[in-house]
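For reference, the structure discussed in these notes is given below.
Chains here go by letter, A, B, C, D and E, matching the order in which they are written, and residues are numbered from 1 within each.
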Amino acid sequence: MDFASLLGIISGLALIISAIFIGGNADVFVNVPGVMIVVGGTMAATLLTVQFKDVLNAFRAAYIVFTRDKTNSSEMIDTMIKLSRISHRHGLLKLGDVKTDSAVLRRACNLLSEAASEQVIRNTLQNEIDSLMARHFSVQEVFRKMAAYAPAFGMLGTLIGLIQMLSELDNPEAIGPAMAVALLTTFYGSLLATMVFLPIAGKLKARTLMEVTNLEIIREGCISILTNDHYAHVYEQLSAYLPEAARKPITGGDKAKDVK
Amino acid sequence: MDFASLLGIISGLALIISAIFIGGNADVFVNVPGVMIVVGGTMAATLLTVQFKDVLNAFRAAYIVFTRDKTNSSEMIDTMIKLSRISHRHGLLKLGDVKTDSAVLRRACNLLSEAASEQVIRNTLQNEIDSLMARHFSVQEVFRKMAAYAPAFGMLGTLIGLIQMLSELDNPEAIGPAMAVALLTTFYGSLLATMVFLPIAGKLKARTLMEVTNLEIIREGCISILTNDHYAHVYEQLSAYLPEAARKPITGGDKAKDVK
Amino acid sequence: MDFASLLGIISGLALIISAIFIGGNADVFVNVPGVMIVVGGTMAATLLTVQFKDVLNAFRAAYIVFTRDKTNSSEMIDTMIKLSRISHRHGLLKLGDVKTDSAVLRRACNLLSEAASEQVIRNTLQNEIDSLMARHFSVQEVFRKMAAYAPAFGMLGTLIGLIQMLSELDNPEAIGPAMAVALLTTFYGSLLATMVFLPIAGKLKARTLMEVTNLEIIREGCISILTNDHYAHVYEQLSAYLPEAARKPITGGDKAKDVK
Amino acid sequence: MDFASLLGIISGLALIISAIFIGGNADVFVNVPGVMIVVGGTMAATLLTVQFKDVLNAFRAAYIVFTRDKTNSSEMIDTMIKLSRISHRHGLLKLGDVKTDSAVLRRACNLLSEAASEQVIRNTLQNEIDSLMARHFSVQEVFRKMAAYAPAFGMLGTLIGLIQMLSELDNPEAIGPAMAVALLTTFYGSLLATMVFLPIAGKLKARTLMEVTNLEIIREGCISILTNDHYAHVYEQLSAYLPEAARKPITGGDKAKDVK
Amino acid sequence: MDFASLLGIISGLALIISAIFIGGNADVFVNVPGVMIVVGGTMAATLLTVQFKDVLNAFRAAYIVFTRDKTNSSEMIDTMIKLSRISHRHGLLKLGDVKTDSAVLRRACNLLSEAASEQVIRNTLQNEIDSLMARHFSVQEVFRKMAAYAPAFGMLGTLIGLIQMLSELDNPEAIGPAMAVALLTTFYGSLLATMVFLPIAGKLKARTLMEVTNLEIIREGCISILTNDHYAHVYEQLSAYLPEAARKPITGGDKAKDVK
């Protein structure tokens, strides 16, 4: 469960709703045709713009934002160090028996146990990274497109309202409320883009960067295991992916004891 | 037939039209000179901006958006695995007899059957990919330019209307309707950009990315066939282009039976 | 003569002018101080921003947009195939006598006849491509800067008009016409950017891309001639630069007869 | 203590506050619900958009902007020259005993003293640079996102105020003050983005570029020490990182005396 | 003295000032607090955003825009050809005695006279180019930041004025002049960005590109001198940096006579 996402969406909606209630009558802000123009128009333009399978993937990804929290970099480094110890004690062949949730890590272990060359391991894992980035990018793109279409349909709705109001400008009393209704679609469009589509696109991108870092740790770790089997060197190589504050001293500690 | 594109354009137009009819008199929204300024101006500026042949290609491409649905990645991977089996059983030479709709795949098969080097195959197919991306990019660029010009001419039309209205500001009664007419071109321009030009540009880009992935699968598959003829390895190489969920187990299943 | 550019500029101006005349009094749209602020200010800021020689080159380039129509890719491929036949029959040395309008092609032929290495030919022509792109880019940049400055000076003119109108807001009758005059500079600035500067920058960029493709065909063709002198292989290499529909069958046809 | 940052924030706030007091009643500018919408909404959307640990790192980084001033490039070059003298007199092994605050420099010294190859040193330090840029980039991204969300929530607040004001447009007297309150959130959002979030993001980026330059000096210096141990050559290599005015003459001066 | 910059700034200011005087009372446009908000706020935010030394360098660079006019590409090519003749007649060693204003050219000559390898010369000069681009980029960035902050503070000033005007909307007579004063800061901010900051940033970028081209000519020229000492070949290599119209015939002319 991603606590930050949940806190963000709840506090954001609470703020907007309380701001509306503090200001007075809240029922002015409910306008079904306006919601339909903005939400429906955004969906229609998105269907026209992207592949249908990317739309489906996008909704699945939106669910992920709130529920799954990925393994972080330092855990992945610990995993690679465990692998380097296994390889150190029992040989590369033993890595073929390693059980792991990550399909990429399992594949990397298979390559190591088959004694693949550094070039093959590097190409295979780089290919996985590039293709993962391309796949995730097209999902994020769906939300970025939605974040662009929502305010555009909000403006189209406001223009429709304004043109109708101005063309029958007989009693000045009605101008205010008609303008309020016209502005509502702009409000809906901006709210959707700012509170929903842009944050989801941003969070998915952050997740992708974290996954890519993990895959890079696997790549560099495997090559380090292949060429230089002492775990301290592996750690030294991989610690570049950590901020300086999070790096542990290379020698000593209970990890060093494990090896003795 | 691309169902998503069709659904998108129909539902989008239905939403906008119903929003106009709900609001009252719909005939305010028909203004022939306004349509001429926006559509004609966008066409004129586009003709000035891009090569004439790209404009023709753009209209042909817009038709493609609604009708053609390309081979997807997993079918292309299956095709490459079939080729790897043919090569495995009958030798690379047999690949020269393969029949296929894709000109690039046929050419790749010819190169394989002529025993071209990995370097030649990689260069030839990379050249095809780069040149396909460049050609498709200039077609997408036509729609992106149109999506930029349409709102600009909408604003120019509104400015012309506003300036004329303001310069003869004698009876305040006429301000409203004149302003409504002036705003119409902004509405037309935004609608064209949001519902037509941007979605077509986006869909064409998505199609191009899919075609490029297919060409990359052909490239990597051919190299894998050339150097390492077992179909399981070919599949393992190419499965990087699939999301993890869509990857089939490497051994076993009815495919494995086929080979026995 | 570039028909599309001419058609674009004429139809675009006709549309704008007719839109002005349909709306009523057209003389409101003529305002000499406004034209001076927008055109003069744009020129002044452009002189400050770019090198003087680039401004001169930019005006020369604007003339080119309407008059010169470059050799297209398929003609350049035909030229390279002719060269490959000459080289095939008479040897590389004969290429030194080839007459051509293109300075780069002549230089490439000289390099071939001097039996330069593939590396030297590739570097020399890549250098020409990079340097041509850099030179043309700085010319296009002049028009892109103008397209950014014109609306900015339009807005400055409108601000000047608005501030003066608001500071002497004594009779409400004069507001309308004064506002109309103030809006005129915004209209001029947007019109210049949308109908003149952006299209010229776009067309010059399209021309540059076409020239670069031609230079790439020369580069790849020369290397193909150097290493592999049969014209069918040369055509196969270069056909990657053509869309699939424009590719001719590799063998047979009257070209094949020519060789027999 | 970063004097420029401090001067900037104090003078900027003083200017804005004095501008408010000169204009008259300053208490119009205090509106607690408005502050809550803009600040709270920006925080909520940021929590939704980025990883929680990046938000924490961002606040730590904001503190750094005012307090830490990094070693500059010419001091780092002097350090590398000292190291080259130590290596020249006592051998590469002696570099393992060097004491320094910079973890990366210490690691580079260890690699030198272990007689690592040029390739290993280059890869290790390039990896550090890439990973430092990626880590710092995601922190700067937090402030760039905040700088985008703050005006967006300012506009949402203004839209809420406008819609409520327009929907109950009964007494024209109240329009002015209500509009003033509605505009306040736009003011808050723009002020936060312009005076707080954008400057912090910019300063952090400038700091990162400076740190990267330092790491590049370490990388090039170490390779220069490894291959070419005279300090004058090391200085000549590294002086490319200094502006021409800051470069000292290569030979002579008290540094040259030190060696004799 | 850069004539174009001088002409640009003078004609631009003359246009704006005459536009103000033609419109009527010019003293409305003088507002000291408004100038303070825009100029002071821009300076404050810039100090917060960039390193202090970059601000100092930026002011020095702004002076350069009006005074220094750099050696152009064709002069630099002539210089390289002179060097190639010296090397041809007297040997590479003689290049060590060449006197020149350019520190980079002197260093390149030293490297040639020390018979450095092509790799060393290429790396050293590429390093100079990259580092010069990075240094100049951070100076241009100062003006680009100012060009972004000036309109932002202009808008903040206008918002302050609008909010104060609207909150005490008692006599409608005062609305016009108060609005005029509020709009002044927007005018100042746009004027500063459009006439001062953006042009300076653009000119500095154009200067940097010219310097980089010169350094590239030095790099390619030195390598050409090192490997291929006839001046005609050197010219042929370097002429790629000139537009086709500016290229002189390779053989013949008074230069050819010089050698005989």
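Throughout what follows, a contact is a pair of C-beta atoms (placed from the backbone, for glycine too) under 8 Å apart; a residue touches a chain by one contact, two chains touch by 3 or more.
Because the structure is predicted, anything quoted here is derived from the model rather than measured.
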Superposition of chain C upon chain D: rotation angle, C-alpha, nearest 5 degrees: 145
Type of chain A:chain B copy interface by residue overlap (half), same or different: different
Chain centre separation in whole Å, for chain E relative to chain B (CA means): 40
Distance from chain D to chain A - Cα centre to Cα centre, in angstrom: 25
Chain contact graph, described as a line, ring, star, complete graph or other shape: ring
Starting from chain B, with chain C taken as the next chain, the full ring order: B, C, E, D, A
Residue ranges of chain E touching chain C (in the complex, touch as defined): 3-5, 7-9, 11-12, 15-16, 19-20, 22-25, 28-29, 173, 175-177, 179-180, 183-184, 186-187, 190-191, 193-195, 198-200, 202-203, 206, 209-210, 213, 220, 236-237, 240-241, 243-244, 247
For the chain B and chain C complex, residues of the former touching the latter: 33, 36-37, 40-41, 43-52, 54-55, 57, 103, 107, 124, 127-128, 131, 134-135, 138, 145, 148-149, 152-153, 155-157, 159-169
